[in-house]
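Please find the structures below.
Paired with chain B in one complex and with chain C in the other, chain A is shared by the two complexes that follow.
Presenting the complex of A and B:
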C-alpha cells in the first residue's frame, strides 16, 4: 500500500508551529538563509527550473518556465500568491494558511529573492478568516524578527507582504481575475496575451503562484534538486525527437473527499493511481467505485475503467482529464451522475463572471438543461437515427445499428461544446472558465450516458448499477487517450 | 505597412491596425459588438473571432492557429524578414472559414437566448447590429426552451432609457462614460447571466447619480442593440423612413460633424458623424437635442411689418417696399448692417457685399448667441462660443472687399444707438436681449430684423424677414479651429421663409444693386476668390471632410 510522504505537511500537526519560535525549531527559515548565503538569485531560478516543479494551482504549468518569462529589466515586479482556493473539492491550502503560515512566508521569501521582488500580495479567499488571521499574525512576527521589511536579516533585501481578502468569487482564483480584483476592480479575467508575467498587477510584471507551489520552494532549496526529482515520475515527451523529459516531480496535496472512509488532505508522491489513493484514504465507503473526479469539480470525470490512471499532470492530461488542484472526489454506486452534474452546473452558472458572451449565457443554459433532465422533463425524440461508433472494420463510423435520439443530451453536448470545445480543446471565452464548465458537462454525459438516458426515459432520476451506468471505453471516444505516457527512465 | 493575406486577398495595411479595421478597409465585414474604434477593447462579445494562421514547426507548415482570435484585439505588425509567413506575408488571417462561421453562429445563439425578440416595438429595429448580424450570420431558429431573464426597464437619466432585456452587456456605454466623458455614471450590477447596466442607486432603488452628463446621448448611438434608447426619439419614427443629410452642428463653435435625419415634415434627430480632427465619433447633448426649434410651430413663415405698433403678416413685395422707402433717404453713415455668427459664410458674404456695394456703409457688426459654458472632457470639448460660424462670419464680414472693422459687443451697441437704420440678421433661436442691447435697438428709427423665430429682437423690429435654419439651407461654417465644413439642405423652409442670402440679395436688387447668385456654391466660389485664406473653400474642395484654413 502506498504511503503518505509528508514534506509540506510534515510539521503541520506540531503544536504552535504557527509561531515563529516553534517553526524555527523545525528548520524554519534556514532554507531561506541557505538560499541567500549560498546561492545567487539566478541559481535559485535554475534550481526551480531543474526541479521540474509544476504549478499546483490547476494548470500545471512549469514554475521555472513561468519565471523565465518575467522581463528582468522592468521594475517593480510583483509576486502574487494565489490563496483563493475555491475549486469545489479542494481544501489543502487552507491548512497551510491556518496551521503553518510561516512555511508560506519562507516560500515567498525565496521566490522574492530569486526574482528580485520587493512586494508580495497574498490574495486570500474571503471565507478563510482564520487562515488570514494566522497568516497576518505570522507576517507580523516575521517583521518583528527581521525576516520581512527593510533590509531583511542584514542582506539589503526589502521584502513586504500584504494580505488581501477576496470577496467570494470563484473566478478571482483565475490569475488575471485575481489581479483585477486585487487592483480593486470587478473580478473579471483579462484577455491574454499579455500574460501576467509581462503585464500583471498595476501593469507591471507579476509572478502569480499558488500557495502549494511556493511552499515547495524551501524544500527544493533546502534538500537540493536531486532529492526533489527523485519523487514522482518523469515521463518522456515523445512528440519531439529525441524525447524530452516531462517531469511530474515532487509531492502533491491530494484532497480526498466523497465516499471514502477517511476523507482529508493526504500528501503523496505524484504518480499514484486512484485505487491507491482510495486505499490511503481509508478505503471506499460502499460497494464499488462508480466514478472519481481527479482534479476539482471542473475536471472531466474518470470511470471505474480508468482507476489505474496515474494521478499526475501528464497522465491525466493524456487521459483527457486534468490533475487541476488535486481535489479528488470519489463516488460510490449510490451516487447519481445526473444529480452530481446538476450540482456542479449550479455552481458554475452561479459563479460565471458574466464578462464574455458564451460563458455568461451558456453556463446557465447548460444548468437549465441538466435541471430539466433531472426534473424528468428531458426530451426524447420518437424517431431513431443511425448509430455511430466502432464499425465492423474497426474504425469509427456507421455501425449499421440505429439509436434513439435524446434531443436534450444532444443539445447539452452542443451547447457545452459551443462554450468551449472539449474535443479540440479550444474555447470561445476569455478565460478557461468556459472549459471548466463544458469539461464536466460533456464528460459526465458521454461516460455515464445510460444514466442520463434513463432519467429522460423514466421521467425521474434513476440510479443504475455501476456496470449499467458506465459506457465501456471501447464504445466511446470520450476515453480515447492520445498516447500512454512512458517513464523517461525506461527509454 | 504590413503585407497580409486576408481571406483570398493580398492587401497592405498600416502597422497597428486590428483585423476588424483591416477587413473593413477592404470591404469585408467582421461582425462585432463590444469593439468601437473610439473606445478600449475588452473583447468580451467574442463576436469578431477570426482564424489567424501560424507556422507550426513539427508539421513544417502554416496552419490555422489552435484557438480563434478576437479580431478587435489582434493587431497586424510588420514581421522581421526571417519571420515572414510563406516568405512574404506578415500575417495570414481567415474571416470566413467554416470554423469562424460556426463560432459566430454559436455566439449569436448565446446572445439571443435571453433576448426578448421584440423587434416590432423596438426603436433600434432597422439599425440594430443584433438584427443585422443574426440575419447574416446567425441560426434560423432558437434551441432555447428555458425561462428567459426579464430584468427591469430603467430610467437612467434625462434623455436615456435602458431596456435591460435587450442588453447584450457589451459594456460600450460603461467604457464611454469612463473614457470619453470621464464621468463614470454607468456600471455593471449583479453577476453572470444577471449582469445589468445601471447607475448608482441606494438600497431602495432611488438613483444616487443619474446619467446626465453633457455627452450622455452618445451611449444611445454606440449601443449596438436597442437597449439604450433616447427618450427624445422614442417611438417617433422607424429609422428606415428617415432621410439623411450630412451637416454640421450649430450648438457651438466646435463644429461637430453630424447627420441630420429628417422626413419631409421636419428634423427627427441629429447623429454625430466621424471626423478625426474635430469630434471623433461624438457630439454633445446640447447640440443633439437642440434642433427642436427647427420644427417649431412658431417659426416665422411670412414677413412682418409694424402697423399701429403691432407686427402684422404681409407679403414679400410689401415688406421689401417698406424697407426701400425707409432706406432711401438715409445717409450711409447712419446705417448699421449686422451679420450673424449663426449664418453661413455665404449668408455673410452676400450681406457684406450688400453693405459694401449697395448701402456703401462700412459700419458692420456681428450678432449671435450669448456665450455659454465651456466644458472639457477627457476626449471631448464643448466651446463657450455658442455660434457655429463666429470665425467665418468675422473674417468674411471684415476682410472681403477691403479691411473693415467688424464691431462686436459694446462697440457695436454704441454704434447702433446712434444709427437711424439697422439691418440685423439674427438666426439665433431664443436669444435673450441684455438691457444695453435692448436700449440700443429701441433707439433705432427703423429696425430690420431677419430671424427664424419670434424673439425679443423681433419684438423691437419694424420689419421682420423670415430666414432659415441650418437644416433648410446649403452653405459652409468655419469652426473655432479653422475647419471650413459644409452644411446641406435637409428640409424645405416653412411657409415663405427663404435662405438668408436670398433675402439680402432680393433686398439689394430692390435697391438697385447687382448681386446675382443662384445657389450657395456660387457664392462659395466668390468667397474663394475674394476672401484671403479661403482660396480652397469651394464646395467642391470642401466635400465631406472639410478643409482646414492655413
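Presenting the complex of A and C:
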C-alpha cells in the first residue's frame, strides 16, 4: 500500500502550530532565513525552475517558467496568492489556511524575495471566514516579529501581505478573473495575452500562485532541489529529439471525497494510481468503482477501465483528463452518471460569469438538456434515411433500414463542443471555464453513453451495472490510445 | 436607480469601528476602487443588506459611480440586495455533498423552518416569517471530506444528519 508522505501537512496537527512560537519550533521561517542568507534572488528562481515544481492550482504550468516571464525592469510587481478554492471536490487549501497559516507566509516571503516583490494580496474566498481570521492573525504576528513590513530582518526588503476576501464567485479562481475582482470589479476574466506576468493587477506584472504551490517553496529551499526531485516521476517528452525531461516532482495534496471510507486530504508523492489512492483513503464504500473524477468537477471522468492511470499531470493529460486541483471524487456502482452530470451542469450554469455568449447561453442549455433526460423527457426518434447498400431486390440502392437517433445526446455534444471543443482543444470563450463545462459534459456522455440512452429509452433514470454502463475503451474515441509513459530514468 | 429612490431610503454611514477598518483598508491598494469587495463586506455586516443608500455611500467613499457598485453587488452571490434573516443558512448541494445525501438535510431544514429555499432574485421566499432564518442553497463550500455541510452565518457545520441539524438549530 502506498504510504503517505507528509511534507506540507507534516505539522498540520501539531497543537497551536498556527502561532509563531510553535511554528518556529518546527523550523518555521528558517528556510526563509536560509534563502536570504545563502542565496541571491536569481538562485532561488533557478532552484524553483530546476525543481520542476508545477502550479498546483489547476493548469499545472511550470512555476519556474512562469516566473521567468516576469519582466525585471517594471516595478512594482505584485504577487497574488490564489486562495479562492471553489472547485467542487477540492479542500486542501482550507486546512493550510486554518491550521498552518505561517507556512503560507513563509512561502510568500520566499517568492517575494526571489522576484523582488513588495506587495502580496491573498485572495481568500468569502466563505473561508475562519481561514481568513487565522491568516490575518498570523500576518499580524509576522509583522510584530519583524518578518513582514519595512526592512525585513535587517535585509532592506519591504514586504507587505494583505488578505482580500472574495464574495462567492467561482470564476474568481481563474487568474485573470481574480485580478479583475481584486481591482474591485466583476470577476470577469480577461483576454490573454497580455498574460498577468506582464500586465496583471493594476496594470503591473503579477505572479499568481496557488496556496499549495507557495507552500512547496520553503521545502525546496530548505532541503534542496535534489531532495525534491527524488519525489514523483520524471517522464520523457519524446516529442523532441533527444527526449526532454517532463518532471512531475514533489508531493500533492490529494483531496479525496465521495464513496470512500475515510475521505480527507492525503499528501502523497505524485504518480500513484486511482486504485492505490482509494486504498489509502480506507478503501471503497460499496462493491465496485463506477467512476473516478481525478481533478475537481471540471476534469473528464475516468472509468473503471482507467483505474491504473497514474494521477499526475502528464499521465492524466495523456489520458485526455487532468489532475487540476487534485480533487478526487469516487463513485460506486449505485451512482447514476446522468444524475451526477446534472448536478455538475447546474453548478456551471450558475457559475458562468456571463461575459462570453457561448458560455452564458450554452451552460444553461446543456443543463436543461441533461435535466430533460433525467426527468425522463429526453428526445429520441427513429428516422428513416437513405442507407445505401444492396437492397432486397438485389440491386444497389436504398436498403430502407431505419436508425435510432438519440437527438438529445447529439445536441448535448454539439452544444458543449460549441462552448469549447474537447477534441480540438479550442474554446470559443475568453477563459478556460468553457472547457471546464464541456469536458465533463462530453466525457460523461461518451464514456457512459448506455446509461444516458437507457434514461431516454425508459423515460426515467436507470442505474445500470458498472459493466453495462461503461463504454469499453476499444469502441470509443473518448479514451486515449492507452500507453504508459516511460520514465526518464529508464531511457 | 434614480436619485429620488436613494433619498427616500435611510441614509447610511459607517459606524466608528467600521470607519477605522475602512481607513486601514484603503491604504492597502494603489487605487481606491480595489477596496470594493472588503468595503461592501463591512457595509453589509453593518446594514444587514446592501440598500441603494449603502451603494451610494460606498460609491462616494471609493470615488466611483453608483452604477459600478451596483455592477459588483449584482455579480457576487454573497451580497444581498434584499433583507435576510438573522441567521443565513447556506446548504451546499454540489456533487460531493449530493453523494452524501445533502438533499435529506435540505428537506429537513425546509420542513423544520417551514420555508422554501431562497433564490438569488427572491430572498424573501427562503426567509421565515419571524425574519430569523434565511435558507439558501450554495455551491461547493470546499469541505467535501466532511460532507454534507452547511454554513450558518460564519460557521461551518460538518457531517450533518437531520438529528444534528435539530441540535444545531436548538443551540443557536
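FYI, the second predicted complex is superposed on the first by the 467 of 491 C-alpha atoms of A that agree within 3 Å, B and C clash if a C-alpha of one lies under 4 Å from a C-alpha of the other, contacts with A are read in each partner's own complex, and residues count from 1 in each chain.
The rule we apply is simple: a contact is a pair of C-beta atoms (placed from the backbone, for glycine too) under 8 Å apart; a residue touches a chain by one contact, two chains touch by 3 or more.
Everything numeric here is computed off the predicted structure, so don't read it as measured data.
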{"item": "Chain B versus chain C as contact partner of A:166, first or second or both or neither", "value": "second"}
{"item": "Chain B versus chain C as contact partner of A:363, first or second or both or neither", "value": "first"}
{"item": "Which superposed partner A:429 touches (first chain B, second chain C, both, neither)", "value": "first"}
{"item": "Chain B versus chain C as contact partner of A:411, first or second or both or neither", "value": "first"}
{"item": "A:351 touches, of chain B and chain C: first, second, both or neither?", "value": "both"}
{"item": "Which superposed partner A:71 touches (first chain B, second chain C, both, neither)", "value": "neither"}
{"item": "First (chain B), second (chain C), both or neither touched by A:372", "value": "first"}
{"item": "Residue contacts on chain A - larger count, chain B or chain C", "value": "C"}
{"item": "Chain B versus chain C as contact partner of A:264, first or second or both or neither", "value": "second"}
{"item": "Which superposed partner A:194 touches (first chain B, second chain C, both, neither)", "value": "neither"}
{"item": "On chain A, positions contacted by chain B and by chain C", "value": "169, 186, 350-351, 353"}
{"item": "Sites on chain C touched by chain A in the complex", "value": "28-31, 33-38, 40-41, 62, 64, 68, 71-72, 75-79, 90, 93-96, 98-99, 138-147, 151, 154-156"}
{"item": "Touch list for chain B against partner chain A, complex", "value": "42-47, 49, 58, 66-68, 70, 73, 103, 106-107, 109-111, 113-114, 143-147, 168-169, 188, 190-195"}
{"item": "In the complex with chain C, residue positions of chain A that touch it", "value": "85-91, 93-94, 125-130, 160, 162, 164-170, 181-187, 202, 255-259, 263-265, 293, 297, 327, 329, 331, 335, 340, 343-344, 347, 350-351, 353"}
{"item": "In the complex with chain B, residue positions of chain A that touch it", "value": "169, 186, 191, 239, 349-358, 360-365, 368-369, 372, 411, 414-415, 418, 424-430"}
